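Note that the chains take the letters A, B and C in the order they are written out, and that residue 1 is the start of every chain.
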Amino acid sequence: MTMQAESTVAEPRVKPVETFRDDFTYSNSPEAIRRFPFPFPEDSYMYSVNIEPHNGGPPGSAYAPAFDIDEHYLSEIEERRKVLEEDPSRCTVLPHMMTAQWDTLELLMESLSTDYPQHFSLTREGDRWTWENRLLGIHDTFTFGDPETLPMEPFEYITRQVQGDFTLHDQRDDMLYMDGGMLTCQADWSLQFDLGMNFYEWHGPVPRAHEMGVFDRALKYLLNLQVGHPVRRLNWTMTVNPRMDTSPENYHKWGIDRATVTPENVGDKAHLRVELQALYRLPRSNAVLFSIRCYLISVNELATIPKWAKRFHRVLKTLPDDLADYKGFIDYRPIVVEYLSQFDDGEELAYGAAPE
Amino acid sequence: MSIPGIKSKPVYTGLTPDPGGCQHVLAGEGPGAEALLRLRRELAEGNDGMAPEASAVALFYTAGAGPDQGEELAEGGRDFPQPWRFPDTEGLCSALGDYLADSGMGVRLYVAGSEAFLWRVVATARDGVGISEAAIQMERCGPPARPVCCIHCKTTDPAVSTTVYQCPGCGLNLFVRDHFSRRLGVYQGVCVDAEAPGDVPEPEELDS
Amino acid sequence: MITSQQPSIPVRVTGIDQVTPSVKTFTLEHTEGIPLPCFSGGSHVVVTMKDAQGQVCHRNPYSLTSPPDDGRCYRISVRRDDAGRGGSLFMHERVGEGDFLDISAPVNLFPLNVLARRHVLIASGIGITPFLAQMHELRQRGVPYELHYQFRDDDGAPYRDAIAAREPTASFYESDQGEYLDPLAILRDQPLGTHVYVCGPAGLINDVSAAATKLGWPPRHVHSEAFTAPPVGEPFTVVCHRSEREIEVPGTASVLEALEGAGLEPACSCRGGACGECETRVLEGDIEHHDHFLSDDVKAANSRMMICVSRARTSRVVLDL
């Protein structure tokens, strides 16, 4: 089910815990910056059905493994634990999705132990499975299919050990319904509220995309997603401070951040937030697992790659107002654009999102 | 944050007899009685002489916040099914759930009342008994007040008539988004002055 | 974007059982001995058959009948159809134990609805196949269900004895003995939250749908295996507008098969007119639609076609390919 030879997957040098709140100690190493999944191959951005097969990528890149584990692993796992402690409903799965929960557990355990054998291992003896996560010091033996043998339901158990958000979608009546999820680092949408919604309702507020037929085409495509042939796409927005939990639930706490961006602090405060979204057909349940892996990079970190600074400047400058408004950064966009202009000499850039 | 064309916002149409149904269950609250009276008359008139037997029509009614039009529903004589009347929505839903649990696949459910009532009844029928939403019609009656759930403290106010309003749970001033959850039967209320505390716009009447 | 020519799974035939005079069951295992993906009840795989020269000669979809949570092997059942396009005959006459085949990953176009409170399964003859895996799944989940299985005679009743031994709620109807299932009687007193599934000839599907409609069932509670084998017809010419090629479609092949034979790789998945993957724009020509995917309006407009099952009424069609 995993499709990566381990040699192409970067060895994560996992940092000690950094914070995504309060004192915001999170930062990217130069290696992490170079492998950041920069989403802009061109100087302007518009919605499209930018879906491609998720079958690996350049060695060491975020696209190479099925589920990317990087230097922020411990920090993101700790942040997830804190969010769930404050609000356990951030992980909710409707009762009819139990088979999909086990599918998810199998997919994640198989993928991680194949891509990162130094950190994770899975031993299967019939239904008796032993899972070892050496990064977190977890060593559990359980019976596959019997939730009583795990400390919590299988979906929560495994997604507490993997970076990125996850949603589970049941497929019925030629439609996908979001019937479960683990959401602690989301870009301003609520699992509790959106739970049970169909594909169109869930994507409801996105401007332009409905009219462009983007969702019709994406849905038709996803309904035919096949086992063993996952697909991926990138999405992006901007976030003030390296804050993972930009949930609507806590908007009254973080919304104020948006008013704190100044020409002096914009380089460190404003972050490009990229979601590497991968979609998997799950075998037993016929459900779809959506993994939404979030990467944060400050404008100053991004500007260490000259091509990215130029390109991001042009994308932001030409982004239509309704999209900037929807993505929540229309008010401080001029400050970011002005700051980035110092890096942009107007040079023509080659097509592609790679650093050079 | 006010974005047109949100796809989750329900569109309510008037109740009309569904000739495909074999058993017609009507549930109403307060001023919803008028919609039920109209529907009951249309059902009795029938479509091409295919009027359902009186025994195939059942009526559940509560005055709710009023007005109480139960007496009007009871008029019409023996040819019309008589309403079962309840003091509140909880009592109505409990009896309706029991009734539907003994019903077959040909049931059509027609609901008329406030938006909070509509979705409370839908939850009873859909989640409790497994009726498909395709077999349910809704007509919103009375003032256009919405059930809204505060995204921050999860308190639901069943009848919010303005955006902005103050959450009865946490006291935050909330903007009412058109984003609607059919599972919870609520709109989403989001803090309106998070980015500029104290800068609270004047409340506007919700008109739909 | 992705092409639908997904890598296939290489399997070896490790067992063949003659379950009735005209039905054979094939047991398939991964050639490398590794587990096959688990699947959901109602799934099918597309089996690719190759002739002695290694050329693809048939690609047929078959329902998986083995337990869905057992990846050690898959089982498919094939009814011999002497009047068909040859795929089932190939499986019966040319495939033996130890032979190698390629199959697609499992795809489910006939899934159980997980919200249903009760399931009514109605099968005729070889239409029993998707239900074999589904009943396994339902037993495990503990959801109430009942099976109604109609067949003409012993030959048309694969797995009757196994089902009778395992399924106390199953009802059998042998039409040669004058026994017919009555969809109205079966559906009349089902409680709210029931879903009905039917797999068999078009006549049975129509009878069950008509009974459900008469009894007021919402359409989304009625499911049928929409799969159809590509029909045979008159030969015609396909003009591929973008690649500027002209390809002859013989009477016994589909447009898709003819294009593949000419070396093209159009997007496709189910090959049965159900999944929508091979939807193609029609620029010129009249279409004889055989799919279950396009709406009646689109079919009438002749603007699109499913090239896996639909054919031309005219001697020439121009497609946006």
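Keep this in mind: a residue touches a chain if its C-beta (ideal position, glycine included) is under 8 Å from a C-beta of that chain, and two chains touch if they have at least 3 such contacts.
Which chain is which protein? Per UniProt: C = Ferredoxin--NADP(+) reductase.
If you're wondering where the values come from, they're calculated on a predicted model, not measured in any experiment.
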Centrality ranking, top chain (CA atoms only):
A
Interface with more contacting C-beta pairs, comparing B-C to A-B
A-B
Which chain has its C-alpha centroid at the greatest distance from the C-alpha centroid of subunit C?
B
Rounded Å distance between subunit A and subunit B, as computed from the means of their C-alpha atoms:
37
Where the CA atoms of subunit B average out and where those of subunit C average out, how many Å apart are those spots?
42
Hunt down the residues of subunit C that sit against at least two other chains at once, touch-wise.
115, 220
Hunt down the residues of subunit B that sit against at least two other chains at once, touch-wise.
none
Of subunit A, residues touching subunit C in the complex
1, 49, 51-53, 96-97, 99, 170-173, 220, 223-224, 226-229, 231, 283-286
Contact set on subunit B toward subunit A in their complex:
3, 5-9, 149, 151-152, 154, 172, 177, 179-184, 188, 190-191, 194-197
Under the touch definition given earlier, write down the residues of subunit B that touch subunit C in their complex.
20-23, 100-101, 103-108, 129-132, 134-135
Using the touch definition up top, name the residues of subunit A that touch subunit B in the complex.
190, 192-197, 200-205, 207, 210-211, 248-256, 258-259, 326, 331
Could you please specify the touching residues of subunit C with respect to subunit B in the complex?
115-117, 187-194, 212-213, 215-221
